[in-house]
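Quick notes on the structure that follows.
In this document, chain identifiers A, B, C, D and E correspond to the written order of the chains, with residue numbering beginning at 1 in each.
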Amino acid sequence: MNRVLPILTILFAILAFWYAAAIWMNAPWQNILNGRANLENVPFLEFAQQTWAQDKPVLPAPHQVAAEIWNATMGLEFTSRRSLALHAWITLSATLLGFVFGTALGVVLAVAIIHNDATDRSLMPWIIASQTIPILAIAPMVVVGLGAVGLTGLVPKALISMYLSFFPVVVGMVKGLRSPEAIQLDLMRTYDANPWQVFWKLRWPAALPMLFASMKVGIAISLIGAVVAELSNAAGGGLGVRLLTGSYNGQTIQIWAALFIAAGLAAVLVAMVGAAEKIVNARIGVRA
Amino acid sequence: MTSSTTGTGVALPVVKAEHLGLTFSTNDGDVVALSDVNLTIEKGDFVSFIGPSGCGKTTFLRTIADLEQPTSGTLEINGQTPENARKDRAYGYVFQAPALYPWRTIEKNIALPLEIMGHSAQQQAERIKRTMDLVNLSGFEKKFPWQLSGGMQQRASIARALAFDADLLLMDEPFGALDEIVRDHLNSELLKLWDRTKKTICFVTHSIPEAVYLSTKIVVMSPRPGRVTDIIESNLPRERPLDIRETPEFLAIAARVRDGLRAGHSYEEVV
Amino acid sequence: MPGHYWFAMVSAWGFAWLFVDQLSGEIRRGAVPRKTMGLLIPAVFGVALLVVWEIVTRGANVPPVLLPAPSAIGAQLANSAPILWADFVQTFVKSVIPGYIIGCLAGLVVAIAVDRSPFLKAGLLPIGNFMSALPIIGIAPIMVMWFGFDWQSKAAVVVAMTFFPMLVNTVAGLNAASSIERDLMRTYAANYWQTLLKLRLPAAGPFIFNALKINSTLALIGAIVAEFFGTPVVGMGFRISTGVGRLAIDLVWAEIAVAAVAGSAFYGVIALIERGVTFWHPSVRGGRA
Amino acid sequence: ADALTLQLKWVTQAQFAGYLVAEAKGFYDEENIDLTILPGGPNIAPEQVIAGGGADIIVTWMAAGLAARDTGVPLVNIAQPFKRSGLMMICPVEKEIKTVADFPGHTLGVWFFGNEYPFFAWMNKEGIATDGSAGGVTVLQQSFDIQPMIQGQADCISVMTYNEYGQALDAGYGPDNLTIFNYTEMGNDLLEDGLYVMEDTLSDPAKVDAYTRFVRASMKGWAYALDNPEEAAQIVVDSDETGAAELAHQLYMVGEVSKLVDADDAALDMTTYDRTVKALLDQSIIKAQPEGAYTTVVTDALK
Amino acid sequence: MTSSTTGTGVALPVVKAEHLGLTFSTNDGDVVALSDVNLTIEKGDFVSFIGPSGCGKTTFLRTIADLEQPTSGTLEINGQTPENARKDRAYGYVFQAPALYPWRTIEKNIALPLEIMGHSAQQQAERIKRTMDLVNLSGFEKKFPWQLSGGMQQRASIARALAFDADLLLMDEPFGALDEIVRDHLNSELLKLWDRTKKTICFVTHSIPEAVYLSTKIVVMSPRPGRVTDIIESNLPRERPLDIRETPEFLAIAARVRDGLRAGHSYEEVV
């Protein structure tokens, strides 16, 4: 209960601000329209309502977006190509696949890096450099290249998600896996524990807080990756494609609807990682 | 676990330090923690280290345990390098701080070395029970370290080191945070264990009576640069009831330790 | 690919690996100075990568419009230096840096606000999560709509992208101080800000730098991608997208090379600062960050 | 059946109605062609896709095709259904731009990604600087929509007659409040959507035969589409995997595209070809007079 | 800092606990750490707490310091709630563990409370020097905590608590990790300080002689559930040379403490 009130308050503040912004941003166009229709001295309330009901507004009003989301999900068969639920699912599946791959890759790389100096010194700079390559530039080549070896549809998108999401995991895990105190490592040395044991019994649990922070960032970026990948792979559909084609057709309201569904997905995914974190914390006795 | 005798059957010293020195370099200049330490510890010895705070006791134990590298001199453990001895799991170490893993319950903390050394689940359970009883922590198996008092954490870390059978025990002020009664109890338990298993024990303490009561050999150290100023062989019998502490022999040794300590003490110079 | 290409490729790689392995061994033993030689390793690795790349593109006759050879990219780098510089200034100096600073600061400030007030925590954090993955391609057009075509809208995209990692990491980091360290502050009846400044922010340092590092590359990606959605005719993203359209792929890769160097340098600077600031953390004390 | 892959230059829309209709109506099957149609998008350079082996035939603008040929991708035009250009530049009247002479000092929105050549050819011809120097125009990389005009970020924007112009009309703009520069009417039109293949494939008679059947079926598709605009628009909407295409807009687009396409003749018109080549040479977008950049084997075989 | 007298001039007790109880609830059932503790500490008292490990000494100090909340009974500090007393900066606390901040050098750690309480830079420097001398750490100003031995860290944390002038000092085994000589030295310094400043001191220790030597009042506690079993008022003179520890009065009090400790000790029951 005491969580609902704050959310509602903030939500309300945002909505109020949004409606006001919609009036302000749509006003110039509404003035032109009214001018053409020879409408003069429209009362403010009516004018506000006009700005909240434009067909292709600069900033659609919240209820317009909500209605569009409702119509495009609940109002349509899931299998319909127009259904945003379908497109959300397409994006989500690539996101999840990419996130799982990305987290796994990130952890594996981090493990290699902290255990082997040569890997650290030779690989880390290139991992960093890899992240500065604009994916959008290579995404089409990836899609073409993978298509040539018969990988199409979900996998190329998931790979691009992975490419983006493994990085926060590497950076966070390298830090996390190196965070045990010297004395905790010394203890393991006195047992002559092998690296595998040091990893599972010390480094891994010590890295969990960093891992969860990284995974929250990772899953959000993974979604961004999937959406971006869809730009280069228009065939498959997905929220990214909807955003793009929506903008080519000037369908502002659809763009915002797709945007909100993407953001909603992200919020749910991040919250899921947060819930997993809570469960793990309770099991390892983290002090409340 | 490891044999400390060569093939010919001649006993090697468990610890043999010659001209051992260790200097830490810090942001703020060098700190000489050990200088020219010469010491031989035979199998079955109970050696106490006593000396002012910061004189290098912990550093010496850590060097034996291959946790620090000497910067000069030589050090052999069971005739091997410290590294090989460590890899042979030649010793158990009780650190000055408890160093419990916060994500493990007390029993899981004690199980840690057993897991690593590959003991069966049943053996683990049996040893956990035995050592937790020994340090009087039964009932706290499922607690996490932060739910324990300071002394209880220290006892848990003692239990952890006793849970597996190393021939050499390195104990850094293990009983520092315990009250007299528990301390007496653990002292005599430790003596019994030592007598029964013929372990070699290196024991850091600040209590002179404790050092005298327990040891066959007392090493008095002086502060910066950490040197050994006196090595006192105790002629007390191996069998030691608690009231041995009132005997004149005992008090004589205690007095010699106190003198050594005071002499080596830098207090007057520094303050 | 003919046999001698395979041979050249394998031997180049093998040589580089042996070299790197040996050298890092030497560094660990302290036989060679860490600072200078530490740089040599990634360099050797990189050269090996380039050699293999050159061999593969030549040996397998990869069409240059898909993947040009490093030599061609190098030539292009030299030829187009003024263009590349102008693009760098537009994208990196004007969009990335201000966006990065504002985004990271905003994430930090919101994290502190969220931490300060449970009310805001319940209300703002879910909304922060909601903002976390506003896809760039979704917000880029909107930012263009709101902030115009020039670098301001790109900077705004960078702000949006760097905000969330900073928020999440700072929130996690502010909880990193141990309970006894907090108790100490309580005994001094230190006020919120004193506790924040003298305990919780320093303790959060490793987490905050985590975000700063992740963001350093994310910011660059964000700015470049944002330029796909309308820009003045200058900028790294602009050059890349039009380059692909014109099949000037070697110019595209030259631009990518600039991005990689700039991004790595940016990351490196942050990592250096991190080492200085969080020197006390075991991950730095015990080794390298 | 011969398997062929066609890479479109843009997202699924009525600009490509001929191919989509031919596919839906089974015209390719009749010609024993098993066709895969890949939609394009803002990041997809068809020239790159075909060079990488991802497609057999691409739809692209001739300027981009010749430029690609100049950079070493040996593309050859095999057919040219689009005879005229649909490109325009529009300026709201309040910007006070009436003629080309009024351009200097203004900001013009231009599509890049291979769509920019006609504009630069035009400016080159008019002698107007585009590099930002004084007395020239400021060029903006325009997003693929009309927002820059609505938001006033550009004084003039690029539109296609069949697409963005329709959006402008929907948004309340029209001939009475716009100044329109139509590339075709100005005589500045460069050839647009043509069909291109890789040169080496033309030495294989079986391939040439498949191309011929493909083009025949495609032209049949175009003819059908232009005759049945409603049905064609519906087919386009149904073929769009993204679900974003709207029937009304596609219907408008079929109508406008029909003014540009000659469904009866796929052959290249040499006058426009020569003008296109000259414009590109003048601007040194290509360095040398192209040789073998088109072939008539396919269109000849159709006759 | 705070006055412990009411407006009318009648001295209030510094600590007044009545039927104080504290129960921790854990994943694994409740732990009663304090039950029915009744204790009054007057201004100027030096109170030692002694009792077996885990009996609730730390918990009691933490409750006084408003770091734990009692689950029953009442507790007043200077006639106020513990929270208000804390906000008045009524006390200085030496924790059982050193709790130094790793990103601060030793001198900066000692400066921490001074910074928070708004002392001038010059005052800070002066106090740092004085307290570091007192605990014999001069020369280690610029070192970081992990570069210090266990005992040195503990001394740094003592210096930190002494650097600012609280009327009430809560010290949890402050000298546990120190050798006899330093300990004797700090004991007498602490007594001098107490005598000079008329502070009230609550002092947890495991050393019976130390407790007797220092205190005006010795509180003996018994383990789980932590109860106060004996409160011994010491009649030793305020002026206490070190050799007072051999006098019969001293030994009599020590014996009484030892008996109380042994009686309350759960050892026999549990093992």
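Just so we're on the same page, contacts are C-beta pairs under 8 Å (C-beta built on N, C-alpha and C of every residue); 3 or more make two chains touch, one makes a residue touch a chain.
In this text the structure is predicted, and so the values were computed from the model without any measurement.
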Most central chain, judged by mean C-alpha position against the global CA mean: C
Of all other chains, the one whose Cα centre sits farthest from chain E: D
Dominant chain pairing [most C-beta pairs in contact]: A-C
Remotest chain, chain B as reference, centres from CA atoms: D
Chain C and chain D: spacing of chain centres that average the CA atoms, whole Å: 38
Length of the line joining the C-alpha centres of chain A and chain C, rounded to whole Å: 18
Chain centre separation (chain A, chain E; CA means) in Å: 53
Chain centre separation in whole Å, for chain D relative to chain A (CA means): 35
Shared-contact residues (touching 2 or more other chains) in chain B: 97, 144, 146
Chain A, residues touching no fewer than two other chains: 58, 136, 140-141, 144-145, 181-182, 231, 244, 247, 285, 287
Where chain D touches two or more other chains at once, by residue number: 42-43, 45, 48, 52, 143, 147, 151
Sites on chain C touched by chain E in the complex: 180-181, 183-190, 194, 198-199, 202, 205, 278-281, 285
Residue numbers on chain E that touch chain B, as the complex places them: 24, 26-28, 31, 50-54, 57-59, 96-97, 133, 136, 138-139, 142-144, 147-152, 154-155, 172-173, 176-183, 185, 206-208, 258, 261-262, 265, 267, 270-271
Residues of chain C touching chain A in the complex: 17, 20-21, 24-25, 27-28, 38, 41-42, 44-46, 49, 66-67, 118-124, 126-127, 129-139, 141-142, 145, 161, 164-165, 168-169, 172-173, 175-176, 179, 206-207, 210-211, 213-214, 217-218, 220-221, 224-225, 228, 236-237, 240-241, 244, 252, 256, 259-264, 267-268, 281-283, 285-289
Of chain C, residues touching chain D in the complex: 63-66, 141, 144-145, 148-149, 227-233, 238, 241-242, 244-249
Of chain E, residues touching chain C in the complex: 62, 65-67, 86-89, 91-93, 95, 97, 99, 101-103, 112-113, 115-117, 144, 146
